[in-house]
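The following pair of complexes shares a single chain, subunit A, combined with subunit B in the former and subunit C in the latter.
Let's look at the complex of A and B:
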């Protein structure tokens, strides 16, 4: 499984994530979680097809902007342990 | 219960506005709960077949009643497909 913590973050300017109409209210928890899932699903799909994972960086930037670092660390730890609850 | 309301209203007509407002409030509450149960993208009744219902919203779908500053007709889908 990909070890996210060893990857360098993508270069370039990071703008703030755009408005997502799926999550229009103040509580953006689900936005954070969905982008985290989407990033990992994208990596898995691209690696399976043998294509470049460069498009997945969009999701990486969004979840890094939105999610508290402690959550990201906890989820990465769970992924390494195999106890992550989400469907990736 | 409605017969009781009607008979009481005939005996004391001044109660009619009360019945109207209570009725409207109760109906509004039930209707809003129904809208939440059926249309809210965070609600999933069948987790096996419909696990992430918020992903079914397109970029221009608006769930809120009134959006102050957001022009929904101009939004596009962000994020690449995979």
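Let's look at the complex of A and C:
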């Protein structure tokens, strides 16, 4: 379904994720998770409509900056195994 | 950094730590004033021959010793809250760095651009070179640009840890399954030492933190050499 293997850093100008008013607190767990979900939802929606997935890059870059590598690896494995708990 | 028989704090390296030092001095001044007053009153009461057993109430003095402590407490609470909220603030970070606590070392991840991650182990005492600090040096330092607001994200892979650098006024718990955010900013270059500050097992004392703050140019050349 989703191409989780082929996640290369996109090229171009990029700054670290800016302040997100949805997550103003010290706890940034949800900020990372929500952007990971948004990326996969965006990819799914764009692929279904046959559109360019370029706009999804933003979510990718945000979750890649924020999420620990081990979390992303675990979630990607879960997506592959079909055991990921999030609704994509 | 800390020195032997140190009594006070380490020198401030970040604006937050400056604030904390001022707040500490302010609070300590109040503590000394109260202690002096209490000691004076105790000595007065112990040394006087006058006794006074028939007073039932004294409205004036009771009003004063209720209102005055309330004002003193407000004078401590308000600056404290000010700094508390200031530390929570995140203003346009230019870099995001993650640190994960492990039993028993820290690992660092720079994933804004490329994937740069490494572990940072303490150097054992037997392998120290002359001049190096026992139980404080690590093999891979966390190198960061100075005068730059940096978003530190702190988490843990196993048990509770705490990522602390006293001279920057930082101490954030590393909690498995949770990402904690804090702003790191240094006003000058240098080496800043810290230690794990949450009991995390047998080698808790042997997972120090070393921060090397360098000018942006040096940081750039270091990070590109690491990839």
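Going forward, the second predicted complex is superposed on the first by the 87 of 88 C-alpha atoms of A that agree within 3 Å, B and C clash if a C-alpha of one lies under 4 Å from a C-alpha of the other, contacts with A are read in each partner's own complex, and residues count from 1 in each chain.
Just so it is clear, a residue touches a chain if its C-beta (ideal position, glycine included) is under 8 Å from a C-beta of that chain, and two chains touch if they have at least 3 such contacts.
Worth saying up front: this structure is predicted, and the values here are computed from it rather than measured.
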Should the pairing of subunit B and subunit C on subunit A count as a clash or a fit in the superposition? fit
Once chain A of both complexes is superposed, is A:55 in touch with subunit B (first), subunit C (second), both, or neither? first
Contacts for A:46 in the overlay, against subunit B (first) and subunit C (second): which applies, first, second, both or neither? first
Is A:28 in contact with subunit B, with subunit C, with both, or with neither (first, second, both, neither)? second
Cα-centre angle that subunit B and subunit C span when viewed from subunit A, reported as a multiple of 10 degrees: 50
Looking at the overlay, what does A:18 touch: subunit B (first), subunit C (second), both, or neither? both
Which partner does A:64 contact after superposing on A: first (subunit B), second (subunit C), both, neither? second
Shortest span in Å between Cα atoms of subunit B and of subunit C, once chain A is used as the common reference: 6
Identify the overlap between the subunit B-contacting and the subunit C-contacting residues of subunit A. 18-19, 25
What part of subunit B is in contact with subunit A in the complex they form? 41-42, 51-52, 54-55, 57-64, 67, 70, 72, 75, 78-80, 82
Touching subunit A in the complex: which residues of subunit C? 88, 90-96, 98, 100, 109, 111-115, 117, 151, 153, 155, 157, 172, 177-182
Of all residues in subunit A, which touch subunit C in the complex? 9, 14-19, 25-29, 31-32, 64-70
Please name which positions on subunit A make contact with subunit B in the complex. 18-25, 30, 34, 38, 41-42, 45-46, 55-56, 58-59, 62, 87
